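In the two assemblies presented below, chain A is common to both, partnered first by chain B and then by chain C.
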Partner chain A sequence: MAHIHLPDGAFSIQWIITWWILALIILGLCLYWLKKVKKIDNRTITLASMLTSASFAIFQVSIPLFGGVHMNLTSLIGILTGPAIGGIIVLIVNILSAAIGHGGWGMIGANLLVSMTEVTVSYSIYKALGKFNLDTFFKAGIGTIIGLLFGNIAMILIILISGIQGVSQPITLYDLSLIAAVNMGVAIIEAFITGYVVSYIMRVRPDIFRR
Partner chain B sequence: MQLQQINRKGIIIFGAIVLIFVALSLFIYSITGDKGIEERFSDAVGLPGESGEEGYNGIFGFVLEGNHLSFIIILALVITITVLIYIKYKV
Partner chain C sequence: MSELSPHIPDLDLITFYSEKGTTLFSRISPWTKGLMLVLIILFVSLDKSLILAMCLYLIVLALYFLSGLPIKKLFQWYTMPFIFVLSLVLILIWNEPGKPIFSLDVPYLPLTITDNGLLLLLTLLFKSLASVTYSLFFLMTTRYNYFSAMIYRVFPSPIDQVFLMSYRFIFITLKMVESMIKALRSRGGGLLKSARRQSKMFAEVFALTMIRSYDRADRINKAMEARGFNGRYVAATRIPRIGIGEYFTMLMATILMIYLIWFAKLPF
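Right after this comes the complex of A and B.
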């Protein structure tokens, strides 16, 4: 859900390359994991494809809340498929989004790191809460909120580290935190959606979670 | 009985987190005003705002980002691929 909505040219070329390299290293690890450790089965490919379509479609719609915000279902992706497949899904969604002019090509690397943070943290929190025997809805909801909070933190850190080219105004943590705070309002809606979808799937197709 | 207690614990934790973030978001929204996410970013980092979407309010306020024709073409392609994969592998 957190996404760096800045045009190409906002970050210097060094930082664009740095974020791209970092994102590619993480993606490489995801692919290695899928190839060597956890073999991906055909039915998971179908699920990944469905999530890619849903995430791409919903991400392009600006929702009229808090002046206009976006959702991209990264937490749902993380909880249903895990970080390795989730990383590949968010890469495809980011590339397709840039292809239609929603987000810069140079920002894909940085945005991929933000999305990967959300996918991984949501998945980890959801799994960690398994020990507490909470209802699936609440596990997924809490995982989503915390995952998206960390995504916003990653977004702020990337912008603060990279800096913005050609502006005289200093970039402050306070100004960026205001964006994150508004984003978190939408994270609540995404938490309800994720919680509902995950608990519904758990009820009708629990085998999906056992793969 | 135990299940009810577990669910009550979940409601309390989830409810508390929701209330905290909703209150925070509404407070920040009230002090920063009604702006789109792109405008919020531009203001935060000092870039000039984008004016491409001015005057277009979408459907019930839901606005489609990017190039609409490209969106429809790519979405149709992605859905077609998904249907083909589903027919071949199921879920």
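Right after this comes the complex of A and C.
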């Protein structure tokens, strides 16, 4: 997850409620699709649970690059499961992260919208690139970097719209450009890692993607 | 004890305290603690005063300390919330209107930190730390079976199902990741300096985690179905009810919160 987790107290209450409502609508759509269209089965529930725990466990690992980087691999979740199950997984990962202090409880709505953007865009780009004769590493890497770019844009838009409590000057895109630049630096590492992970799984266990 | 990064809360340690805790706070109804969390989130979202944010943080820290939870660890676990707050407001605190405290002479870009800029940083930091400390206090004083029953009652299906199962799987997966990282380090993996090699090596660990998780999910599902699992994972534990004293405490806390936020006159 190459973006910062917004902490509690950063947004005013009306924006917290707004982002929560938007996130719940999107989550509701995911649930509707899973129940009525896909008809979710026991196996999918077990699989989603395992991927949630894997994503959370991977987040605990500090990768020794640039002083230590942590990743949830949201884009990888999107590529492996698609936006509907991916949405549920990132919701639970966001709740678990808030429980241990990574991102605020009130900010789960806003953080979920950012994660959902990453999941959906990464999945769509990865699928769209399937038509081209590209190596799996590049397909997943490009999908991830574009997904994380859109996730960053979503995060910056959310901050620009909501404002930060206590900041009296208007927040500009220029102010947030440094955060965006750092996030995109981490996004490049995440794109490499996701590319390697997807190509490794494709090489060792291609049946996972077929199912 | 699993500790993949010292600055990330250790789930094994959290579970140890939540299961073995015998203080008054471990006996309070989990619903009361959950509702108090909502109240704290409301407080930090409505509050604009540094004094109130600091007072809230000190109260929550005192609760954490009185519950016999590890304070030294807590300060280590503050690293990530601290980084998130800093990365969000570090640029915004410059040039806030107010009394200048510190200036940087950069050509064409005057940078000044004022008293209001510093207040902004400290207020957000204390709010964030109050929320994080209470959240960890809640986790470390509430038993797993109460949490699972609360999740089962609060979330709709299939979110509750995925949530309940993933919580159980986290510990298995953490052990798996930990053993793979240990194996990697014992073979000299930590000595590699190339960023590309490091990324590739960690990617292989993560890919293996995903594959093993997938296989384990398949096996567990088959085993559960063989035992009659029909897609509903039921958490039937009775959660302790909210007592009269707890209702009274919550009411007083709400009244105090309303008074402090809307009526109290504080200098900053």
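FYI, the second predicted complex is superposed on the first by the 184 of 211 C-alpha atoms of A that agree within 3 Å, B and C clash if a C-alpha of one lies under 4 Å from a C-alpha of the other, contacts with A are read in each partner's own complex, and residues count from 1 in each chain.
We adopt the following convention: a residue touches a chain if its C-beta (ideal position, glycine included) is under 8 Å from a C-beta of that chain, and two chains touch if they have at least 3 such contacts.
Quantities reported herein were computed from a predicted structural model and do not represent experimental measurements.
By the touch criterion defined above, A:134 lies against chain B but remains apart from chain C after alignment on the C-alpha atoms of chain A.
Partner contacting the larger number of chain A residues, of chain B and chain C: C. Of the two partner chains, chain C is the only one that A:196 touches; chain B does not reach it. In the overlay built on the shared chain, the residue A:184 is in contact with chain B alone; chain C does not reach it.
By the document's definition of touching, both partners, chain B and chain C, reach A:167.
When the two structures are aligned on the shared chain, A:88 is found in touch with chain C, with no touch to chain B.
Of the two partner chains placed around the shared chain by superposition, chain B is the only one that A:145 touches, whereas chain C remains out of contact. Once the two complexes are overlaid on chain A, the chain A residues touched by chain B in the first and by chain C in the second are 4-7, 10, 42-43, 45-47, 49-50, 52-53, 56-57, 60-64, 68, 70, 96, 99-102, 159, 164, 167-169, 171, 175-176, 178-179, 182, 205, 208.
Note for the complex: chain A touches chain B at residues 4-7, 10, 42-43, 45-47, 49-50, 52-53, 56-57, 60-64, 66-70, 96-97, 99-102, 132-135, 137-139, 141-142, 145, 159, 164, 167-169, 171, 175-176, 178-179, 181-188, 191, 205, 208. Within the complex formed with chain A, the residues of chain C that make contact are 4-5, 8-9, 11, 14, 37, 41-42, 44-48, 53, 77-78, 80-81, 84-85, 87-89, 91-92, 95-97, 116, 119-120, 123-124, 127-128, 131-132, 135-136, 138-139, 156, 158-159, 161-170, 172-174, 176-177, 181, 190, 195-196, 198-200, 202-207, 209-211, 213-214, 216-218, 220-221, 224-225, 229-231.
Chain B meets chain A in the complex at residues 6-7, 9-11, 13-14, 17-18, 21-22, 24-29, 32-41, 43-47, 50, 58, 60-67, 70-71, 74-75, 78-79, 81-82, 85-86, 88-91.
Across the complex, chain A meets chain C through its residues 4-13, 16, 31, 34-35, 40-43, 45-54, 56-65, 68, 70, 73, 76, 80, 88-89, 91-92, 95-96, 98-106, 159, 164-169, 171, 175-176, 178-179, 182, 189, 192-197, 200-201, 204-205, 208.
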